[in-house]
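Look for subunit A in each of the two complexes below; its partner is subunit B in the first and subunit C in the second.
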Partner chain A sequence: MAEGHVVHAYGVAPAVVLDVPEHKVVPPTGIAGTPVRLLALGELAVVVGDLPEEGFGEAAWREHAEDPDWLEPVARGHHEVLQAVAAATDVLPLRLPGIYRDDAELQGLLGGQEEPLTRRLQFVAGHDEWGVHVHLVEDTAEEAPEATSGRDYLMQRKAQVAGRDAAREERQRLLTEAYAGLAQVSTDSVLNRPQDRALSGREDPMLLNSAHLVAKEAQQQFFARADEVSRGLLEPAGMVMEISGPWPPYNFAAPAADGNGAADDPGPTEGR
Partner chain B sequence: MTQSPEGPVSRSQGPVFVGNRTPRPESLADVLERVLDKGIVIVGDIQVRLLDIELLTIKLRLMIASVDRAREMGINWWEGDPFVTNLEEGDDSGASDRELELQQRVEALERRLGSDGQEQQLEGQPERQREGEETRRG
Partner chain C sequence: MTIETPVTEDVALVDLVDRLIGGGVVIGGDIVLSLAGVDLVYLGLRLVLAPAHEVPALHGRRPRP
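Up next, the complex of A and B:
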């Protein structure tokens, strides 16, 4: 590693990848066109890159972390390397910022985690992550006819409000059922907070944002189930499902704090 | 807005695939959400529009912190703030009620902001006071 550089950790892979030519596992360049390489860590291999300290070191993170123009290429560069590695081997993605002073510091810090990392890597081995978003595209609550008197108007308003509440409860039930259906064919599932409009860039509100760890051999089953719940449950109620992936298993890289998987998920919630 | 390579979203096509199965790159929101560890959310100046009426322009800071870390820092506005929650709720019918409600909230916020400013000046500790306020407001 060169002077004036920091080590950026992308992810963790099994040590067997050290026995094959490096270019078959890692892409030639990563964040900002910098080189990517493998670093041995006991039974594991860490995918690392050498980044100029000026521009990507701790000071740079402090200065620019809130600047989307700086952050976007870093995040995308990190992700693209992990996508490439995930196509070649099992990988446990590490999250940003992951800057170390040098190889020795990284080995010292991650070395203490070798056992949980190895276990987690085995857990995600042979799996992909798939992202699921459900958007509400059409409110199915009925429009009231024009009121002819004040009394009519008030009655209609009351009915409308009741109708909206009922529609929301019904969507809630459908989303819970849809999520449970997907979780059934997944090894593990997590619910994330739906992205707000500012983040998703969409007018249609997001009602469900989940990630699913799916075994490669269960992929068709997962898609079939997605199709089933989408057509059978969501679309009739004006909701559209979008699937993204395959992702490296970002949402499943860290062991759950309480050791529980999807079983204890309370289910999705719309609003309060 | 939502396009799949097979064409626009149709109500009878089942789920829409985005991401690697299409030429469309992953959305930045999806990448950040994954890469930044429950990374919060937000992005520059955001114009909130409702029924084409610009009601508010709020400035939200891009924050990089895990949710837990953010809670430690006293930042949890997205949980309790009825405005944020309403945005996520995604029920745009009854917008005139919402509009009125929002206007009332804007007024309340403006009042609150105004009175904070006075307090700060009176107490002569603007920085500390402001930090405390933000945390409590959080």
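Up next, the complex of A and C:
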């Protein structure tokens, strides 16, 4: 690594990728057009790049992390590299910001996690992540007729509030059912906090923001289920579902905490 | 229901932030610990990405037509 540079870590892949020509696994360039390379680490290969410290080092992160003009190209570069790697092999995305002084520091930090990361790679192997957003486009609660007296108005107002609460509760029930339906055909699922309007740039509020780890061979089944819950449960209640993907498994990359894994659970409890 | 296959340049920044800073493996190290986390990043983005009428003070940061 050259002087005045930091090592940016993109993701972790199985070490077998080290046996194939590098250009078949990683794209030639990543963030800010910098070269991307593979770093060996036991059973793993780490996808890394060398970035100029000035502009992308710790000071830059401290100063600019909340500035979209700076963050956006970094995030897109990181994502593009992972998309390319995911097309070639299994990969665990590493969280931003992931910059290190040099290869040795990164290898030292990752070394202790080699085993859980290897197990996690096996867990996500042959899967894609799919994102689900549900927006409320039409409030189906009924509007009250015009009130003719103050008393009428208060009664109607009360009924309106009750109606809105009931509609909200009903939507919650439908969303829970929809999510459970999708989770059934997924290997793993997570619920994330819905994005607020200022961030999503949409007028209609987001009611559900979930991610699903779906086996490649179960993909059609997942789409069919999504279509089913969308038509059967959500649309009649004024909600629309949007699916995005395939994503590298960002939401499923972190090794599960002890006793909280599905496929990587060692089985019968032992000293838990 | 709509299905979108994200061509990278079409992916919304908020969706990337959701995944790249909210997800992924945390290795540790100095920088990770020094950033206050995803909420601050969201706050910064919210201020800049919010529709102009909601955050009038920040007009200067968006490109003008």
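By definition in this document, the second predicted complex is superposed on the first by the 257 of 272 C-alpha atoms of A that agree within 3 Å, B and C clash if a C-alpha of one lies under 4 Å from a C-alpha of the other, contacts with A are read in each partner's own complex, and residues count from 1 in each chain.
In this text, contacts are C-beta pairs under 8 Å (C-beta built on N, C-alpha and C of every residue); 3 or more make two chains touch, one makes a residue touch a chain.
All values reported here derive from a predicted model rather than from experimental measurement.
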Fit or clash between subunit C and subunit B when superposed on subunit A: clash
Partner chain(s) touched by A:M206 [first = subunit B, second = subunit C, both, neither]: first
Which of subunit B and subunit C A:E114 touches, first, second, both or neither: neither
Touching partner for A:E53 - first (subunit B), second (subunit C), both, neither: neither
First, second, both or neither for A:E242, with subunit B first and subunit C second: both
Which of subunit B and subunit C A:A9 touches, first, second, both or neither: second
Touching partner for A:P68 - first (subunit B), second (subunit C), both, neither: both
Which superposed partner A:V137 touches (first subunit B, second subunit C, both, neither): first
Subunit B versus subunit C as contact partner of A:Q160, first or second or both or neither: first
Contacts of A:Y250 with subunit B and subunit C, given as first, second, both or neither: both
Common interface positions of subunit A, toward subunit B and toward subunit C: 65-68, 71-72, 75-76, 78-79, 83, 93, 95-97, 131, 192, 195-196, 198-201, 223, 226-227, 230-231, 240-247, 250-251
Residues of subunit A defined as touching subunit C within the complex: 9, 12, 58, 61-62, 65-68, 71-72, 75-76, 78-80, 83, 92-100, 105-106, 109-110, 113, 117, 120, 131, 192, 195-196, 198-201, 209, 211, 223, 226-227, 230-231, 240-247, 250-255
Contact footprint of subunit A on subunit C as seen in their complex: 1-6, 8-9, 11-32, 34-35, 40-46, 48-51, 54-55
Of all residues in subunit A, those that touch subunit B in their complex: 65-68, 71-72, 75-76, 78-79, 83, 93, 95-97, 131-132, 135-137, 139, 141, 160-161, 164, 168, 192-207, 223, 226-227, 230-231, 235, 240-247, 250-251, 270-272
Complex contacts: residues of subunit B adjacent to subunit A: 1-2, 9, 11-12, 14-20, 26-39, 41-44, 46, 48, 60-64, 78, 84-94
